[in-house]
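Each of the next two complexes has chain A plus one more chain, namely chain B in the first and chain C in the second.
Coming up: the complex of A and B.
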């Protein structure tokens, strides 16, 4: 909806004019407006009636908040959850700062948002059924009043200085301060479970064990945001690469090391794991450094082919049990072979070679550490088996499925559009097969059937099976979305790249993919949202995700017997907020990439 | 085949051959676009290719850097024969710059990145060095102030000049131009032709397909006239315009001049 407001007219008048021009400009328009308003009132009234009916007990949600966030995670170790959440949020803030996230928030638009939310809040307060908790109705009135005043103030300011904008940092800071104030002073009530018995103190503010960690986290968030914004151009480049690396492996580290707390057998670590990691990191790094010299590209190809043959042999041998080998050696070998194979495309000056070698070394060290940690037993004592559940499970699965299916899907899309018939056929077969099978079937297949097919000694946990099955499924859809984008890249781009003498690999990486992926952004984000929502299928195969907890765990608790509605409405809201945020950020990303370009 | 064979169909003094085409034939399906083309281009020579639409001019110069693959005959570039060997092709392409009618700049990269892409990834130059050369080239084509912009923010003439700078950044031995000014508004044609004129003066070996007759007469060492996939006539500029030998050339010139 666009409104053209004359800067010289006072805001009241312009609002009046806007309402007249857009809502009551004709008889038909007026009827439409009233009909729509009536519909909104009826639907909202119905929704609120459903949500706050007499028989709904919202303390079921409030009491079980910890269950919804992290399922059975032991309370004594809960600090680990806070640390994980804190690290994620702080890194998010650092990323916003380091990438100079600063959308142009005009005061005029903010005023409009304030007014709209104020109207919605007031409407909700008015239409609340009498069974709704009084504190909620009072809060809604309060929010409505505060926002109406804020909106009035903002539009008064905007009418004087038309294009006044507010920096994102200022907005973030004031929001955080506001949130913390609400957390500390608004009596939402204190609910929870201690030692198996639930308690409820409706008049209190939120528990201190909740308030204090949030306060620490948010303070750090603000600090990191402003600090990373203040970085100079030299340092910010380093910080950006560090943050990218974090977003790749950070969440896995948080899940498997921070949350799971592996009980390392240090003797074995020093005797086996450290030498292996060091060998691959330094030996591989040296090899890469030597072979990345432009004059040695034929040698690099030769070594790459030999390494690949050896790496593939290791996997085949592992599958048939010919000779034993640590899984991480197989993985590292394969990765090194792939790197050496594509190395000629990245060959260059000495500093560039050094960078590639160092990146490889760092990557291998982190990878080995993660694999070792994942394969080490956990120290946690958990009453029911899965250590991940609730929101942490939903987040972990959807995040890594999106991350893993992305490269796989891109490769499939490239294969499907390639000139080589064999690649095309294989990719088409993969895509058609996995798109033709329902996700739930694949998840069952992977958790129930996969262990039966695997050779002895190659066990996978349910979590890994779900992750693998879901990623493979998701990649098939992603490939089709990316293919659409790739096909939009014009022939002239290929010709220009060829005319410069780029290799096919370089052309794909530097010219075709960046352009093709940009076109695919809306579809890719749509798929990301679908992935997030469909993690709820994990409930069916035995995982304790948000849906399972709301739909069966909570309603089976003796004190909340049959209380499904509040939990389901609550998780619906959580899903909606996440999906809406993703959708909004994709629109912003598109606009930013489009700005000033063809 | 010797690549230093002198031109036999003109009175040119023999120079080292940069491009040699012998009996080049090219089919698109059943349609024969090149019907046995012989052409020599010497070092530092400027050859302009003329001909009616559909005569195979673009096809010919696209065969020279193997954007199109010819089926019969031989093409040698700087003494190296074009074969299916991939590394051979990439090497030749990196030594032959090409400028397209529709610019074909990379829209997702800034002007500077468009120009440094080849030197960094193909020539394996360090970024700093590549950027320095790129700025010098932008200076030369007259738009150093546009370095940070994206192609979509430039005028057609500016885009084509960036495209020329991008090709030159590879330090090519030969430049191919396929109707570089045909997609430009009249007021921008001159600025692109100026850049090309300057290149010719500096001794670049060039093959140019163009309909700009005045420009052709001015810069060309030799002119080639093509029709329906064949070279009808090759001659020095003077001879070509004042005393064309072939009937078909005369007819073409009378239509266009």
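Coming up: the complex of A and C.
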């Protein structure tokens, strides 16, 4: 990397040379450059004209920001949304710090980025139609000027010290400060609703109720980032595992405990839920600890088969209503049976056994807490359920669908590539059936038909049905992506693993999957992006996602009748930012994993 | 690849476990999300089997009301997340009558396609979704219609610059490009009328009404048509200059009575919904608004209002409601005029002289006497 940078001589000269070599190298090249530049200008002008036409009332978006973010979540409980957003962002910052995220940002490259953004901003400001809000044009000029100066300063510094880099922390800090300054000082206007009637103060900066929480959150984000950067090697390992655990279960807690605020019946919780959870956690943990000894493998299998038979019997009994049982017991029983069945593969030393037992206990406690929270009525008074809507709903669904379909898809891919015909056939049937059916059909099936197939007395909310149906659908696609990756692992790798005496599990987990998954990253991220965009389909079964709000809620408010375009353009931007972030981080991940390969 | 016996067993078991996980995830995904902690034994009874919808609503403590959620002035979500409009207010009125609390409503936003299924399957208690009362719908399995809360009718809108006035007739649009949204009865109504009148029109349809209006503004359409309430709403917000657009003919050329819809063969529930609507009419007739309820119960507005406001007699209690049920409706939601002022006046609809005036003021709103 450094050699490449040093090879470039004085930046001024190299700029000139680059332009001459790449843009005006020949007559044809010059014509192409001008033609393309003209095309860009025309398209940009047309786009801005569409977006900021006189008939587009952008205050429709500003006034309805609350709906777009969280739909009809009660205003008095908004602190919950801020807490949830804050926890997510702070944990993201902590993760960046704890995993020492520090891409090599050369000052030279930053200068180039600054210059190009400044040019784009200036171009946009120039091409804005006269009906565009003045504050936007002024902000664009301001951003353009500031970035041009910053770019000039950066290139001046870089011309002296060519390979100078800037730490990611410095960049994060300055962007956060810049963002907060814009939020506090640029008069974007203050729009909203008070007591049912909308108000508009175009000259103001955004509402204090927006600025203040963001300021607090961003301050905490910066603090956490730097704090987690400063951690020692020993503590950072603990923090990393804590963060991993958070990313697996944290969002569910944020949704179902923080946002939904269950009204726990404490008497019942102490009398039924706590003893049950404790019993499964400690009893199951003890069983696992005892059976995980390598010498007790055959006993573990025997117990596992017995437990599985009992667990399956419980489900069958529940379906036909032979005897009653808490659903939680059925689920925990099944999970314990599965764990005991696969236990021989993980059998090992005392510390390893203890780790497995503790992991089981923690998992069960979390699971039981979540199930109880989900089944407790919410204290929120929401006039049109479900309690999630807008951006929150889009984000929650895509996050959990990706999270849930990943393990399911990997298992399906493994089954489909296995030598056992039965599993291969079952997996193929699953994949082909779910790939052959449109997503809308599956969503309808799960919201309308699923309740008919469930055991008596069991209800599924629309939201949960969507989560389940969508994950099952997505897993079928994911399985094929992963299978593509698995097939790229050469036969020699399997043979080498066998020669080392690895078990099937060890071979799969340590040799095959890491190589296979790395190959399938582009496809997996592509599917993640598709999942994010397809969440808008839940509008059909009654959810209020971003698209439905922009397309049918806002244009039907009396003061914004027919104002469809601003809302649609706004959500297009939101989707683009999310999808682009995903694709960028996947590129980074690919580069990093590839670097490890060399 | 040769595998010895133990390895094979191991693999079989491993894959069995893998599939158990898959099955667990399939089943568990949804169960974990919403599995009730009640045992199957202490199962909840299906409430509608005995006592009807009224008992079910009172037991549940909240009214499930089907609305459109995307119909300006009828039911729409405001920027603060609340459901507003005349339909939404009638949902609140029923909740106030049954539960004494106008806020005890769960609004279910339904599309035109799914609204009647929701009534028939009982997933909502009452439907207030600007649905026209027609013979086929009324005789359809599983639902009945209540008293009309808004008399709508199809009209046309054109540009004054093209020579149209409020006294223009349908026959004047001969040769014009008429636009409306696809798949609705408005489309059938206008083409039927055109063939009856013997005029030639070019009918263009769009996916939704925003597009129709945009095409009208852009000049692609000479005339647009839909229910009068919709045209007035569009005119009041999107008209480029005052008086540029005109709505005609004065008497609509179709009848669109809009009102509540509920499950068939539950007379008790039908009575509750019908009389909630009638109570708003009667209170309007006597001029009893939210502020006059206690005076009305004391007798300032005559004996009928005393009975209706729970001052004496047991008209409400024999219906299965509290004596002050309709007093709660008027206090918390208001009479018909107040509901109109809150929802329909802002979009420019005028009540005087329309079919929605009271019967003694030349309109069609008429309630049986409360005695």
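Note that the second predicted complex is superposed on the first by the 585 of 598 C-alpha atoms of A that agree within 3 Å, B and C clash if a C-alpha of one lies under 4 Å from a C-alpha of the other, contacts with A are read in each partner's own complex, and residues count from 1 in each chain.
Simple rule for what comes next: a contact is a pair of C-beta atoms (placed from the backbone, for glycine too) under 8 Å apart; a residue touches a chain by one contact, two chains touch by 3 or more.
All values reported here derive from a predicted model rather than from experimental measurement.
Of the two partner chains, chain B is the only one touched by A:518; chain C is not.
In the superposed model, A:492 makes contact with chain B only, not with chain C. In the superposed model, A:294 lies in contact with chain B only, and not with chain C. Residue by residue along chain A, chain B and chain C are tallied for touches, and C comes out ahead. Look at A:503: by the touch rule set out above, it reaches both chain B and chain C. When the two complexes are overlaid on their common chain A, residue A:564 makes contact with chain C while staying clear of chain B. Once chain A of one complex is fitted onto chain A of the other, the partner contacts of A:347 are limited to chain B, with no touch recorded for chain C. In the superposition on chain A, the residues of chain A touched by chain B in one structure and by chain C in the other are 345, 498, 503. By the touch rule above, chain B contacts chain A in their complex via residues 65, 67, 86, 90-98, 100, 102, 104-108, 117-118, 120-122, 124-126, 149-153, 166-167, 170.
Put simply, chain A touches chain B in their complex at residues 294, 345, 347-349, 351-352, 492-493, 495-503, 506, 510-511, 514-515, 518, 596-598.
Only residues 1, 7, 10-22, 24-44, 69-73, 76-84, 103, 105-110, 210, 213-214, 217, 233-234, 237-238, 346-347 of chain C touch chain A when the two sit together in their complex. Touching chain C in their complex are the following residues of chain A: 55, 63-64, 66-67, 71-75, 192-193, 196, 198, 272-273, 301, 308, 315, 318, 321, 323-328, 330-331, 334-335, 337-338, 341-342, 344-345, 367, 370-372, 374-375, 381, 383-385, 404, 407-408, 411-412, 414-415, 418-420, 423, 426, 446, 450, 455-461, 463-465, 467-468, 471-472, 494, 498, 503-505, 542, 544, 552-553, 555-559, 561-562, 564.
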